[in-house]
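What follows is a short report on a single structure.
By letter and in written order, the chains are A, B, C, D, E and F; residue numbering begins at 1 in each of them.
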Amino acid sequence: MALVYVTRRERFNAAHQMRNPNWSDEKNEEVFGKCSNKNWHGHNYELFVTVAGQPNPDTGYCVDLKKVSDIIKEFVTEELDHRNINLDVPFMKDKLASTENLTIEIWKILVPHIKKLGANLYEVKLFESENNFVAYRGE
Amino acid sequence: MALVYVTRRERFNAAHQMRNPNWSDEKNEEVFGKCSNKNWHGHNYELFVTVAGQPNPDTGYCVDLKKVSDIIKEFVTEELDHRNINLDVPFMKDKLASTENLTIEIWKILVPHIKKLGANLYEVKLFESENNFVAYRGE
Amino acid sequence: MALVYVTRRERFNAAHQMRNPNWSDEKNEEVFGKCSNKNWHGHNYELFVTVAGQPNPDTGYCVDLKKVSDIIKEFVTEELDHRNINLDVPFMKDKLASTENLTIEIWKILVPHIKKLGANLYEVKLFESENNFVAYRGE
Amino acid sequence: MALVYVTRRERFNAAHQMRNPNWSDEKNEEVFGKCSNKNWHGHNYELFVTVAGQPNPDTGYCVDLKKVSDIIKEFVTEELDHRNINLDVPFMKDKLASTENLTIEIWKILVPHIKKLGANLYEVKLFESENNFVAYRGE
Amino acid sequence: MALVYVTRRERFNAAHQMRNPNWSDEKNEEVFGKCSNKNWHGHNYELFVTVAGQPNPDTGYCVDLKKVSDIIKEFVTEELDHRNINLDVPFMKDKLASTENLTIEIWKILVPHIKKLGANLYEVKLFESENNFVAYRGE
Amino acid sequence: MALVYVTRRERFNAAHQMRNPNWSDEKNEEVFGKCSNKNWHGHNYELFVTVAGQPNPDTGYCVDLKKVSDIIKEFVTEELDHRNINLDVPFMKDKLASTENLTIEIWKILVPHIKKLGANLYEVKLFESENNFVAYRGE
C-alpha cells in the first residue's frame, strides 16, 4: 500500500497585534517592534493543510479534498477570516497571536476532523507573508 | 527617443475596516458585509508604482529605481506598514479605507516626488489580495 | 473625479481541443499540433476581469467586487468550470475553442452585467498557462 | 559527506475525468461531483521531482538536472502533455485518474532512471491546481 | 472585427554590470552602487512579449504562439541565455546594460518578425526581479 | 511542548560559472554546457531558511524572525548579493559554484548563529530558478 500526502490550500485575511499583557508598552515595543501597534495591523494568511493516507481503491482519493476544504472552512477560516485574531477568535483567547501559536491551534482543531475522514493530519503550514511562514507536524 | 515604463514593487501589511460613519451598523453590515467588522481585519498589500520616461544616455536608466523605492518607502509604505489605515494614516483621515481611495491617495503623494526625478508617474496599482486589485492613472 | 480600474480574479478548469471541422485530420494536426488531440487536453484557466469607474463617495468602492465575482461565477465560470469547452458550453458552440475566442465571448457576456453595476468593462484577460495569455478590451 | 535534495519542476496540460467504471452515473456524480463530467475537464499540472544524493566532487552537482529533466520529459510528461489521462496514457490504463494515482505511477516510472544517475528518488509532488497537490515518497 | 492582445512568456539567465565607460570607478560606484561590481552579477530575466491582432477565422488564433515562442528563442533568448549581456550579446554592444535598454533592443529585434506573422508587436515587458520591471511599446 | 518549523525567505542576485579548473575547456563545455560560459551568467537566487524550536511562552515566537533575517543578511546575502560567486565570495573560494555547494556552505555558516537564538537550523533551501532548487538539512 502507498502512503500519499495530500494538501489543500485555503486563505483568510485578519488583523492582529503582538502584545504580552504582562509587559509594559515599552517592553512590548522593544520586543515586538511595529508588530505591537495598539491599533492593529493585518495579513493575508495562506494556510496549507496536509493529510497523509492511502488512496481508496474505489475512488483513487486519499481523502475527498472537497471535504477537507469544507472542514477547514467550517472550523478554521470562518473563525478567522475578516476577524481580529486577538479579539474575535475563541480558540486564540488568552494566547499570543503569533503565527506559531495560530498554526498549533489550527492543528489541534483539525486533527479529529481529519481522523473522521479516515486519514491523518500530517502538517499545517501557515504563511503570514511571502517571506515568513510556520509549519507544525504535531511533534 | 524612447518612452519606457518602469515599475517598482513594494509591500506593506495593514489593518482596516470598511464603515461609513453616517450609516447605522445594520446599513454598514448590509453594504460591506464582513469587511465592516468593528474589530478590524487586515491584508498584505502589494504596491506597484510605474513611472514613464526616457532612458538617460549616461546611465541607461529612466529613473534610479533605488530612488523610486526610497520615495515610496519614505512617503507611502512607512506610513502604512503595520498600521491601521483608518486610525493611523494622516492621508487617509476622514476617507473610506477602500483600496480605490488608498490607490488614489498614494498617486497624489507620489506625483511630485517622481516629477523631481525627471519622470512622470504613470500608474499606481495596489493588490489587496491575489484576487482583488485596483489601478489608478491620474485620469 | 477619479477613474479607477478594479480587477477581480476567478479560475476554472476545463478540457478543450483545437480542431477546425472543415479540415482533415492531417491539416488539423499540421496547424494545431498536439493541441488537436481528438481525446482532448485541458487547462487551469485564470480569468482577470477589469472594470473602470469612479469610486462612490458613500462606499469608497468603484463597484462591489463581491457582486463582480458573483456575476463572473453565474454567467461565466459556472458554465466553464469542469466542462469541455467544445462540447458543453453554449456560448462557445460552433466556435474554435481558442483562448482568443473564449476571451472575446466572455467580454460580450460580461459587458451588460457590469453596466448594470454602474461601471464599464475595461478588459478581460485570460491565462491558459503561466506562459500564454490573451487580453481583450472591446476594440 | 553531505546529502542534498535537488528538485526539478516540469509541467504538462491534460484532460481527465473521475469515474469508477463499476458504479452507476448517479453514484459517480454523487461521489465525484463535477469531476465526473463525461465530457472531461482538464488541468495545468505542475510536477516537482526531488532526488537525494551527494554532490560529486568533480562537478559540484548531485545529479545533472538537465538529465533529470530529460528523463522526466521522455518517460513522463511526453506521455501526459496534451493527452487524456484516462484514454491516452498506457501507465494509467485501468486506474482511476486521481492525482494520487498519477503521482504514485510517476514515482514508479522514475525510480530506476534516477538510480542510473547515481542518486535516489526522494519525492514526487504533483500540483493539480494552486489549491490541491499530492506528494509521494515511496512509503 | 476584434483586436486581441496575446502574450508569450520566455525566460533567460544572464550576467551583467552597470558601468559607464566614460566615468571613473568612483563615479560608477556612486551612481550604480553594487550594480557596478566589476566582477559582474546576474539575474533570472522574465520576458513577456505581447502582440496585437485579430483572430484568424480558420484557426481562432491571433498568431500561433508556438511561432512567437520560436522567434523569441531564435532571435532573443538564445542570444542572452547563460550569457554576459555586456560582453557576449552583439545587439547590446556599446550600450549600457540596463533593463530599459535591453527592453528597447528586444523590441527592435522582434518588430519585423512579428509583422511577418501578420500581427503587430504591442509591448515588450522585462522583469529583472520580482520587484523591478520595464515595459516598452515603441513610443 | 510543541516543535514548530519557522521559515524566512531572503533573496540575492549573483553571477557565477560552472567550471572545474582541472578540466580542459572542452571537458567543461561537455559536462556543464552553457553553464560553463567563461564570461559568466547569473541568477536571482531565492533562499529559504527554516529553523526548528518551541514557541517561547512570553513571546509566542520560536525565534524573532527579524533576528533570523538580520543574521542571514549579515553573514550570507551581503556576501553574495550583486557579487560573483566564483570570484567575490570568501566562503566559496576553491569550491565549484553549484547550487548544491552554495546551499551546504550557507548551512554551515548559519548553524552557530541560529543556535545562539535558542533554536536549531532545520533546512536551507535555495532556488536557482523557478525550475531548479536544492535543499540541505545537515545530513
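Everything below uses one rule, namely that contacts are C-beta pairs under 8 Å (C-beta built on N, C-alpha and C of every residue); 3 or more make two chains touch, one makes a residue touch a chain.
Computed from a predicted model, the values in this text were never measured in an experiment.
Visitor: Strictly by the touch rule at the top, which chains does subunit B share as contacts with subunit C?
Guide: A chain counts here if it touches both subunit B and subunit C, which gives E.
Visitor: Where the contacts of subunit E and subunit F overlap, which chains show up?
Guide: none
Visitor: Given that subunit C and subunit E are copies of one sequence and touch, is their interface built from the same residue numbers on both sides (over half shared) or different ones?
Guide: Here the answer is different, because the shared fraction of interface numbers falls below one half.
Visitor: In terms of CA centroid distance, which chain is the most far removed from subunit C?
Guide: F
Visitor: As a quick test, compute the distance in whole Å between the mean CA positions of subunit D and subunit F.
Guide: 28
Visitor: With centres defined as the mean C-alpha position, give me the subunit A-subunit E separation in Å.
Guide: Using C-alpha averages as centres, the distance is 41 Å.
Visitor: Could you put a whole-Å number on the gap between the CA centroids of subunit B and subunit F?
Guide: Comparing mean C-alpha positions, subunit F is 33 Å from subunit B.
Visitor: Going by the touch rule set out above, which residues of subunit E reach two or more other chains?
Guide: Residues 130.
Visitor: If you go through all the chains, which pairs of them touch?
Guide: In this structure, the chains touch in these pairs: A-B, A-D, A-F, B-C, B-E, C-D, C-E, D-F, E-F.
Visitor: Which residues of subunit B touch subunit C in their complex?
Guide: By the definition above, subunit B touches subunit C via 18, 20, 22, 31-33, 95-101, 103-104, 130-137, 139.
Visitor: Could you pull out which subunit B residues touch subunit E in their complex?
Guide: Result: residues 2-10, 50, 55, 58-62, 64-66, 69 of subunit B touch subunit E.
Visitor: In the complex of these two chains, what residues of subunit A are touching subunit B?
Guide: By the definition above, subunit A touches subunit B via 11, 13-16, 34-35, 37, 39-44, 81-84, 87-88, 129-130.
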